[in-house]
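Two complexes, one shared chain (subunit A), two partners (subunit B, subunit C).
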Partner chain A sequence: MGLLEGIKKYSQENPAINTQNKEAFSMFLELGFPTKNDEEWKYTSLKKIISKEYKIENKGEKINENEITESSLGLGEKIIFLNGELLRNPEISGVTVTKKTNNNPKYHDAITALNAAYAKNGYNIVVKKNTQITEPLEILFLTKNASNNFIQYNNSILLQENSSIKILENIKNLTQNLCFTNTKTEIKINNGGVLELNKIQDYSDSQFLIDNTNIVQDSKSCSTINTMLLGGAFTRNNLSFIQNGAHCESNMNGITVLNNNEFGDHHTYIDHKNEKCESNEMYKGVYAGKSNGVFNGKIMVRPDAQKINAFQANNNLLLSDDCSINSKPQLEIYADDVKCSHGCTIGQLDEKALFYMRTRGISEKDARQILTFAFVAEALEKITVPSLYEKSKALIEAKLNVSLSI
Partner chain B sequence: MLKIENLNAGVEETKILNGINLTVKPGEVHAIMGPNGSGKSTLSSVIAGSDDYEVTSGSVSFYGDDLLSLDPDERAHKGVFLSFQYPVEIPGISVSNFIKAAITEKRKKIGLKPISAKELLSKMREKMALLNIKPGYLSRNMNEGFSGGEKKRNEIFQMAMLEPKLSILDETDSGLDIDALKTVAAGVNKLKNEENATIIITHYQRLLDYIIPDFVHVLHNGRIIKSGGKELAKELELNGYDWITKEADKKWGC
Partner chain C sequence: MREKNSEDELLEQVTSTEYKYGFTTKIASDTIAKGLSEDVVRLISKKKEEPQWMLDYRLKAYHAWLEMEEPDWANVNYPKPDYQEIIYYSAPKQKKKLNSLDDLDPELKKTFDKLGISINEQKRLSGVAVDIVMDSVSVATSFKSKLAELGIIFCSISEAIKEHTELVKKYLGTVVPARDNFFSALNAAVFSDGSFCYIPKGSKCPMELSTYFRINEAGTGQFERTLLIADEGSYVSYLEGCTAPQRDENQLHAAVVELIALDNAEIKYSTVQNWYPGDKDGKGGVFNFVTKRGVCYKNSKISWTQVETGSAVTWKYPSCILKGDNSVGEFFSVAVTNNLQQADTGTKMIHLGKNSKSTIIAKGICAGKSNGSYRGLVQISKGAKNSRNFSQCDSLLMGDKCGSHTFPYIEVKNSSSKVEHEATTSKIGEDQIFYCNQRGIGTEEAIAMIVNGYCKDVLSQLPMEFAVEAQKLLEISLEGSVG
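On to the complex of A and B.
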């Protein structure tokens, strides 16, 4: 039984609770899982993933403290989910962390509709007005299951006026059984709020993920989303920003390093609706083996969004003959006094630089690894939590088999 | 130290070097001069191990080793250094990390124990002082956004750190103003000793006012057509290359 049949069966046993959930579910059923005929999924196939059999929202096994410690990146306060259930939430002064209730969910396509209909788990973070949280908050989603599991999270983050927080999201599957996670996070940043959200996606081959993160920003707010995609059989990140207020800043940085048969897809959307705002987007991709990547970056500049500055870059390195990247920038500009730039490159390592390094005594293998690391380093610098920067650097170095610290 | 015999090299069908013969001994400074397109940069690239050029015949030996059979990094480990005419920008890697990678690997390959971070840093500071390099330079990305002068100074800095036996300075004077030229030349002179040798490749005589060569060779159509002492460089500066190349063209029939 494939996932669609599984979900249908689950819905008969667990009817949707309220009208919104019901409407969302019927939208999902009507649309079904997206296929390659859908423009947004042209290069991204769910076929293999949804043909597998999963238990839906299955209760899993117990976990011990060691497993938590090993999975954690070891940063400050933690919110821990196990198999969808909230296991632990910290008490932080100025922040409330509660379990999310799935009332009045928003959705706009089949995947988010499915999430809206049946996601029962997730966190709800509210950072109170004028509160600056200096210690980063780690959110750990763990699965430990005796069978393949399909699991959905529906999260929300609210930054009240002039508050700030740095968050790290980390998903870990502790077994060889497949875990397909469909997660959706709604973020609202009120006037003057500052958010840094880091996603560390160093998944095993048994983890599949569709991540939907939607951010709405009021005036003078700033959001930075850093996505480190360093593994996993299938990862699709849908990241969107809506700039409602003036003088907003939205930053998105991505590092993708994939090998073997891994697949990673970044779909980003920035909606400039107000004036004097900025958006900066830098995605670096390194593909080796038979890995495949997709980048789709859309920038919308509405008529009222005068004097905005939008920058987008997607640079890719292909290290083998069997890997690929499909990169597509999309710009729609309806305002005349704006500065928009975008660039997409796909290439190999610079042969001149390789020769230069070798004349200094660096072996070809090392020179290739160092240059590859140097290629992604620019995006890595955007992580402002020092311990997380070090951790991410170590993960990337390990993936590229390079050591560069002095 | 270095012995080049009847070296012929080119790119695909085009022959660039047509039988170069050159012997360099420890402690010597050789200048190779010649008009544009005479093969100067090809010669330095071939010695350093670029695979852009194919060596069709001849030999290059370095302390008895067949240099042409070695990879560029192996040549560096033996003590060959090329200061590039156009140093390559490498964004994302700092000068200090670059130098560290080069020195660590060289020490490993020649069987020396690794240098400590502290020792390395103090050596870098010492060499920076020698070349009038400002602090903050070590954390800049390799050649990225460097001015022409800074790039050339960075080449000599690497040379100072790597302590090669043979340094080839390919058009090190190009793009330098007179002050930068003096600093770079003073650096090269300070690094000179009886054990090492330098080959200066240049179009103009200018640099040779500051680094005095023991031998000057004129390269034309891929051949050394005249060799002499330092006075040859002065003569070329005064009279140009024509008088000497015409004579050679008659002799070799081009």
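On to the complex of A and C.
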């Protein structure tokens, strides 16, 4: 039984969903899972994933303290979810963390409609006015299940006026059983709010993920999303920014290092709706083995959103003949007093640089490692939490080491 | 405030600049009833005195077309043409076959003079051989006999179907199959004429070959087909120009161009497209839905250069299939949209051969309330080792009501190829204009200068005769659209 049938069966067993978000659920049933005929999924096939059998919203097994410590980067306060349930909830002054109870979530496509239909777990973070949180907040989603399972989260973050917070998020599957996660995070940043959200995605081969993150910004707010995709059988990141106010800044940085049969897809969308805003986008990808990558970045500038500066760069290194990259940078501009650009490169390390290093007595492998790390380092430097920077650097170096030896 | 006023005045000026080629010629013509059916396809084929295999080809395409849907993925909005309201065949009446251009109907001759194709002058200069297609049929081809001495065949496609059957049969539809897309299927079913050109092995065509397309009759659609074959080691430079009368209705132009560059051959294909763009309120104008594609064999090269200033709606992607090792594909484009024009144009570079190279330079200029899009595909297959692509797409916006968009698709499947793509969108900087003003150059001239410099990469690729025309066109299209 594939996932679609499984979901239908689950909805019959739990009639509550049909009444709760009936419209969202019927929209999902009508559209079904997207296929390659869908322009937004042109290079990304869900076929293999949804043909598998999953238990839906399964309770799963218990976990011990050791497993938590091992999964965490151990940087600060933690919010921990186990098999979809909120397990630990820290107390931080100026921040309220509650279990998400929004029964009226927004949705705009089949995937988010499915999430809206019955995702009942997730966090709700509110950072109070004028509160500055300097210690990073770690959010961990853990799963430990005796069978394949399908889990959905529905999260929200609200930054009130002039508040700031730094968050890091990770999803971990502790078993070899497949875990397909469909998560959605709605973020609202009020005037003058500053958010840094770091997604560490060092997933295992048994993880499939669709991550939908939507950010709405008011004026003079700033958001930075850093995504470090370092593994996982299938990862699709849908990241969208809507700038409602003037003088907003949106930054997105991504590092992708994949090998074997891993697959990673970054879809970003930035909607400049108001004037005098800025967006910066930098995605670096290193692909080895039989890995596949997709990048789709769209910059939209609405009419009258003048004085916009929007930059986008997507640079990729292909290390083997069996890997591939499909890149689609897009600009849609309806205002004239703007500076928008995108650049995309796909290539290899500079042979001259390699040669230079070898003449200095550095082995070829080390030289490749150094140059490849330097290639992604530019995006890594956008992480402003020093401890997290060090941890991420170690993770990337370890992954590069493996990738370069394939 | 003062500046605003002069801006308005300038805008006023542009919109009142008339489309120079908007006249019609009163020529008796042989026109069939409007509408499309199997009988119409048979009738066209019969009028052209075509062999059976050609009719079969058309009918097959027609039936394929019936099952296809008009594409709507392009970033353009237009009322879908009613395909039963179009006249599919119209020909200026001419009794006998002409041997020389001197025998032309004087009315026709006048038309060509107005269009700036002075046949006599060209004869004197011996510069360009012209094939002229009016409405549905080719009316004149110059320098035919001179070219024939070199073994070069340059004639209308209907003549080629009869006289060079083997060549046409071998290559027609191999690059753009009838089923390729909605408009190519329609074209394959009803194309009435077009140009055919064959350059024999090892020869370099001594002059520019040129085709001039003109829609004259009201209510007609133009469906021409061009087939150009450059045999091993040959070279040809080919020019294409087009105009249409000013009419309130939308006229459909759905052409297919196929280029075949065999081993070591080189084809340079240049277009200055200046179909009637519609008036300032977007009334009338030509729908330009064109499929152009070339295939490159070993060490060969195809270079597309286009200057797109006309048409109400443009839907055009001249492409290269780089099949052979070391083959080269190039695409240089300037697309100008003004008033309510819409253009969705770009290219496809399909790398299949090793060491294949492609370059894409696309410059978009949008003014008024127009929308221009670049849509391109660079595909490097697994076997295309050491391939190289460089793409650059820039857009210049003039005025706050226009839009400019970029939709590049990049697909790479091996680790020895390099692909670079960059795109920018901006307007002419106030500092640049200020600098020119300071040196005593008026705003208008300054803009013309900046735009010219901006397009230089593309214009310099055009043959001399066309470069001058293209530059003038740019000036007319953009006159006064200071943003």
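By definition in this document, the second predicted complex is superposed on the first by the 395 of 406 C-alpha atoms of A that agree within 3 Å, B and C clash if a C-alpha of one lies under 4 Å from a C-alpha of the other, contacts with A are read in each partner's own complex, and residues count from 1 in each chain.
To be clear about the criterion, a contact is a pair of C-beta atoms (placed from the backbone, for glycine too) under 8 Å apart; a residue touches a chain by one contact, two chains touch by 3 or more.
What you are looking at is a predicted structure, and each value in this text was computed from that prediction instead of being measured.
**Student:** Examine A:378 and indicate which partner it touches, taking first as subunit B and second as subunit C; both and neither are also allowed.
**Tutor:** Once the two structures are laid over each other on A, A:378 reaches subunit B alone.
**Student:** Classify the contacts of A:358 with the two partner chains as first (subunit B alone), second (subunit C alone), both, or neither.
**Tutor:** A:358 sits against subunit B, while subunit C stays out of touch.
**Student:** Subunit B or subunit C: which reaches more residues on subunit A?
**Tutor:** C
**Student:** One more residue to check, A:366. First (subunit B), second (subunit C), both or neither?
**Tutor:** first
**Student:** With both complexes superposed on chain A, which partner does A:326 reach: first (subunit B), second (subunit C), both or neither?
**Tutor:** Second partner only, subunit C.
**Student:** Touch check for A:13: first (subunit B), second (subunit C), both, or neither?
**Tutor:** Neither partner.
**Student:** Show which residues of subunit A both subunit B and subunit C reach, each in its own complex.
**Tutor:** None.
**Student:** Give every residue of subunit A touching subunit C within the complex, in rising order.
**Tutor:** It is residues 39, 43, 303-304, 306, 316, 318-321, 323-348 of subunit A that touch subunit C.
**Student:** Spell out the part of subunit B that touches subunit A in their complex, as residue ranges.
**Tutor:** Its residues touching subunit A are 48-51, 71-73, 75-77, 80-82, 84, 87-93, 96-98, 100-103, 105-106, 109, 117, 120, 158, 162.
**Student:** Taking the touch rule as given, give the residues of subunit C at its contact with subunit A in the complex, in rising order.
**Tutor:** Result: residues 73, 382, 395, 397-427, 483 of subunit C touch subunit A.
**Student:** Along subunit A, where are the residues that touch subunit B in the complex?
**Tutor:** Per the touch definition, subunit A meets subunit B at residues 350, 352-353, 355-364, 366-367, 370-371, 373-378, 404, 406.
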